[in-house]
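Below are structures written as structure tokens.
Paired with chain B in one complex and with chain C in the other, chain A is shared by the two complexes that follow.
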Partner chain A sequence: MTQAAQAVPETATLAAEPSGSRRRRGRTGYLLMLPATLWLLLFFVVPFYSLVATSLFDASGSDFRGYEMTYAWGNYVDVVEAYWQPFLRSLWYAALATGICLVLGYVLAYAIAFKAGRWKWLLLVLVIAPFFTSFLVRTLSWQLILSDEGFVVDALQFLRVLGPDDRLLATPVAVVAGLAYNFLPFMVLPLFASLDKIDPRLVEASSDLYAHPFVGFWKVTWPLSLPGVVSGTLLTFIPAAGDYINAEFLGSTNQRVIGNVIQGQFIDANNSPVAAALSVLLMVLIVAMVLVYVRRAGTEELL
Partner chain B sequence: MPPSADTAATGAPAPAAPGPGSGAHDGPDGGLRLSSLTKRYANGFTAVHDLDLDVPRGSFIALLGPSGCGKTTTLRMVAGLEVPTSGRITLAGQDITDRRAHQRPVNTVFQNYALFPHLDIYENVAFGLRRRKVRDVESKVRAMLELVELDSQARKRPAQLSGGQQQRVALARALINEPEVLLLDEPLGALDLKLRRSMQIEIKRIQVEVGLTFMHVTHDQEEAMTMADTVAVMNGGVIEQLGAPAELYENPRSTFVANFLGQSNLIEGRVLSRSADVTTLDMHGITVSVPTARTHTDGEGGWIGIRPEKVLIGEEGADLDAPGNTVPGGVVSDVSFVGVSTQYLVRMPWGQELQVFSQNTGRTRMFTVGEKVELSWRPEYAFCLDINQDAAAGVDDGETR
Partner chain C sequence: MAPEDQAPARRSTLSRRGLLRGGGAVAAAGLSVAALKLPFFSVAGAAQDPATCRATDLSERERRLVISNWTGYIDPRRNPRGTYNTFQDTTGITVEYNDDVNDNAEFYAKVRNQLGSCEPIDRDMIVLTDWMAARMIGLGWIQPLERERVPRLHENLIDSLRGKAWDPDRTYSAPWQSGLTGIAYNAAYVDEVGSFSELLTRSDLKGRITLLTEMRDTMGFMLKVVGAEPEDFTEDEWYDAIDALNRAVSDGQLRQFAGNNYLQQLANGDIVACEAWSGDVIQAQYDNPDIKFVVPEEGLSLWSDNMLVPNLATHQANAEAWIDYYYEPEVAARLAAWVNYICPVEGAREAMEQVDASLVDNPLIFPDEEFLADTWDFMPLDDRQSQQYEGDWSDATVG
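Presenting the complex of A and B:
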């Protein structure tokens, strides 16, 4: 469903493609748009329609008995009442993970872009390297790292940061850490792309114009890296808000996020209308938040 | 010559100027002084070697040389963007060697301008004032934008301006801070020839108007000579020669300067006698004389140098108005007519081709290839250089533009 949310601006760019003044060129343009249009129709519009339709089915039906289309808008009210907590938790965890990723990712991307010299490309490969293993395997290995007998817990207990009976696994800390770890590359890469484009002479110019290095960073480097910050936070926040693997493997029932609920409703409870209503709600919520965020960041002015 | 003292005095008193009393101890005018400045990079390359330079306050100096001669490194050390390996930098009586870039009363006009793309023209120009928390930003920026004739563009972004306009913004952004020294790092390199000419005059006008010290780095000899009061010709990390443009051109002390600034004919000669006024040399069997003041070698031999436009060309046996050094037996091997002058290559009996530029005054006819001619020049225009120097030094560097 997160892919669907990203596909929306794609249609907009396609439609905005400049059309030639001559008719033949115009027709070629439409022909070239055809594959993408078909793709969107087949894999976005149709599924989205089906999803919205399902969310309006009578919730008392079941996958076996079939559903009745009753325009049950009440489904939405019901799911908000029942599941507002995992909803908020999803957004809260995703926001925390995005914040952590931004801090860690910015430092890393900055170092790679400006300080790594000839190690630049090797470091970038290392950033992408985790993608060579599957998402599940990586999350499962975090179970080992954060396990009660693992070295992280041992070390923290030794330092009295954790009490003797405290644990990391099955806590919000573990879920957020897992999210931050899994989505860090999505933050680092756009940040690197933005930072790497910054002419180092601009930073020199700022210090030549009496700006202390910190001020120079704040007035020159940071604003010029904003496009990377915006795309990095979006690429991290959107999938993190919909993710349920980290909560599933690293959390407990107390850390259930909306993804877990949707999965449970759809697969275990066989309650498709509720799952669909939750999905639509999550999608609408994220699109709305992204729109507000992009509008407020005002990055189009930087281009 | 530097601008008159009163220009420098009335030109707005720099707020960045250090406190009272300073400047009195070091140097009469508190200009910029570089003492045994050296920059050696980690890879062992010495960009600047033991450089000494005094730039009086209010003067316009150009560091001229081919790429890699150390001129930009010198400028960057003054700006504080590069840390010298050894040596000191003194400005307005204060040692600024250990100060960081943002603490120095120095501003730079960068090559390719380095304007902040996310700020409009107004904010670009105001940047330095805002960092120093200067009051009255509004009126100062307005006045500066008027000076560079960009007041109507204040709210545009740098990318919306033409190259020449961006150049003026870069100048305004540096000038507004009234620095002790304004550094210009090849500021006109990105402009086309016509615009470059008008900007050269423009910058020179502004320098006289504001009375600040300007240090200009360029590899364009014409630019250096038009704009600067003093030119320092740099090569291989050292200053080869320092002086007023005319002095450097007329009396070069090394083959590099002779070739890099304009063109020179360098002919091998052997010293016959030296007196207080005149040095006499044997030049492939012809006796020629060079003023001793323009003889820059103590050795047996020397390169006799003469600028192509100082050489007169005439028919064999013609009576040329150049008593002294007459060189017969030349054959014209190439003629190119460029309008204001005709440029000849003349093959001499000893095999060397000499360049001759003949002004198109209409008084002499044009010679054709293969014609026998006689060359001549007034002895006072000739100079004599160390024979151990490479006669081709600086030739290619000077030509490329």
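Presenting the complex of A and C:
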């Protein structure tokens, strides 16, 4: 807070304006932040607080008897013991999907930024186009595409990639493919934003200095696109780790992820303390992983 | 980029981060102070008293009615001579009919906070399955029906649906439709599947079956498979049944637990057999005659979906008019001819001869005593049992 307050007069003195308007300008900053702060307070801090409180209720309560606040930290131990598998599965599927998105997305964004010429904007619209249909409808359509009797499975069986009794739907392959498909635009857009800003003359300069195109890419383009890589991977990984629609529609019972468990605990088992403990844990885990990732990537300024 | 350009930018990010950090600290401090004494700590039981938690009935003045029912559970509402429009025309009551019930547990989660604290859910009638109706009546969320305003219900209700332990005199509930849970298979792909244990073990079905997400349907069969009675079982038997289910899941015999979406998969061959609801199968047979319904050797599970008037409904008398209307045999027959579930109304079978003679002898719509002898009901669970068993069920189905 104090740092912010100091920073404002510093920039203001550069313009050397009268003190009255300087104060007003200081206040404007806070006024501008007010809606977002209220929003966060109302829709993040309060619910989060309630979530943490719920996770500490005595898990043996019910709607008939009510829930007692017993600071039941044991809930956290119990859920880790019972549900570590779906937890790991969520992170693993999300990591795989993020990896696939990065490869596909980088190639696509590179092509759009440097090679598409006048088709650039059309291609960008095409990347965003799937968002015009609902997420659910898009995922359900994959059920038809990957169906056991569908053309994809038929073709793969003909090519002997799949055995006669193998299938795609209700397998981990379908879940990861669904995740990668659904979150690809979140990868492409930040990557494109970074790549598009790169001055092509820098790459030319590298070849003037006799750098092989690969070296040029590795020494010039890749480092300059890192902000896009970091924000793209975060934007893909975070929602993918919490997503359970793909596992629900494209996976089988053995591919259920942590989101399915949370939903099941909250709705079917009617056990909100366990569901809340799982949600808090998922949130903490993701924040911790993101922090480590951002530190390791050394990209705090890049964000 | 020149260093002069960079410097101010970096300073401004630092201060922004500082602000965030400061804000975070304040929030954390506020949180820990608040944690000492603030709401959300301990949630009281959600039970209510329907005698006190009720609204004045506006039915006389406001001729309208808001209903929440399951999807595809009424004859086409666009048909001007259908049951729905006939009701509106004869009574002058405008019905706002929503098909927003997809799942009992999900609907419960949706209304729990309102009904649990005696707040209106803006519906005059909801339709829920036996066990959920029993739970809501037990929680005191449901208004008793005025006996003299629903005379046909008490006169015409079929015997097999009378005397349920959770509402012996049908004071709170009126069955909308009743149905059976059995097995469906696609004859284009596999031979007949005659029993539930066959469904769970036959190798040509591996990875190509689904079971229903309704615990009482599926676990009823699992209990039968391990030799227990769903109407009266012990905890040990319950865990045997859960183990059997877990084996089917881990062996990969089971593809999925399905809610409402199993028929499409059965029709296009992704699954070849499944646990299924009778009316759904009959409806699907019109499009695809290869889909067959089987009465498994283990028997059938019999259930009904019940019309209930929730607390603080403002049009109870209109809702009762609706109930009484649908207990006219002729109306019931027209409804049954469309939805193909078991008709809960005595006399509808005779009326059906005028509506669609081909359905009169269908035991899945008008079952006789002999047919119903093989059906069961799931044992009523007390609060602790349902908490425990629903937890086990959720673990088994989510993996």
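Methods note: the second predicted complex is superposed on the first by the 265 of 303 C-alpha atoms of A that agree within 3 Å, B and C clash if a C-alpha of one lies under 4 Å from a C-alpha of the other, contacts with A are read in each partner's own complex, and residues count from 1 in each chain.
Quick note on the criterion: a contact is a pair of C-beta atoms (placed from the backbone, for glycine too) under 8 Å apart; a residue touches a chain by one contact, two chains touch by 3 or more.
As the structure is a computational prediction, the values presented were derived from the model and not from experiment.
Visitor: Classify the contacts of A:Pro223 with the two partner chains as first (chain B alone), second (chain C alone), both, or neither.
Guide: first
Visitor: Looking only at contacts as defined up top, I'd like to know whether chain B or chain C touches more of chain A.
Guide: Residues of chain A touched, chain B against chain C: more for C.
Visitor: Of the partners chain B and chain C, which touch A:Arg201 in the superposed model: first, second, both, neither?
Guide: In the superposition, A:Arg201 touches chain B alone.
Visitor: In the overlay, answer first, second, both or neither for which of chain B and chain C A:Ser62 touches.
Guide: It touches chain C, and chain B stays clear.
Visitor: Common interface residues of chain A with chain B and chain C?
Guide: 301
Visitor: Considering only the defined contacts, which chain A positions touch chain B in the complex?
Guide: Result: residues 199, 201-202, 204-213, 215-216, 219-220, 223-224, 301-302 of chain A touch chain B.
Visitor: Can you check the complex and tell me which residues of chain A touch chain C?
Guide: Where chain A meets chain C, its residues are 1-4, 6-7, 10-11, 45, 49-50, 53-54, 57, 60-69, 82, 85-86, 143-144, 147-149, 167, 169-170, 252-256, 260-261, 264-271, 301.
Visitor: Please name which positions on chain B make contact with chain A in the complex.
Guide: Touching chain A from chain B are residues 79-81, 100-103, 106-108, 110, 112, 114-118, 127-128, 131-132, 173-174, 177.
Visitor: For chain C, which residues are in contact with chain A within the complex?
Guide: So the residues of chain C touching chain A come out as 8, 10-16, 18-19, 22-23, 26-27, 31, 34-35, 38, 40-47, 103, 105-106, 108-109, 112, 116, 138-139, 207-208, 213, 215, 249-250, 252, 254-257, 265, 268-270, 383-384, 387, 390-391, 393-395, 397-399.
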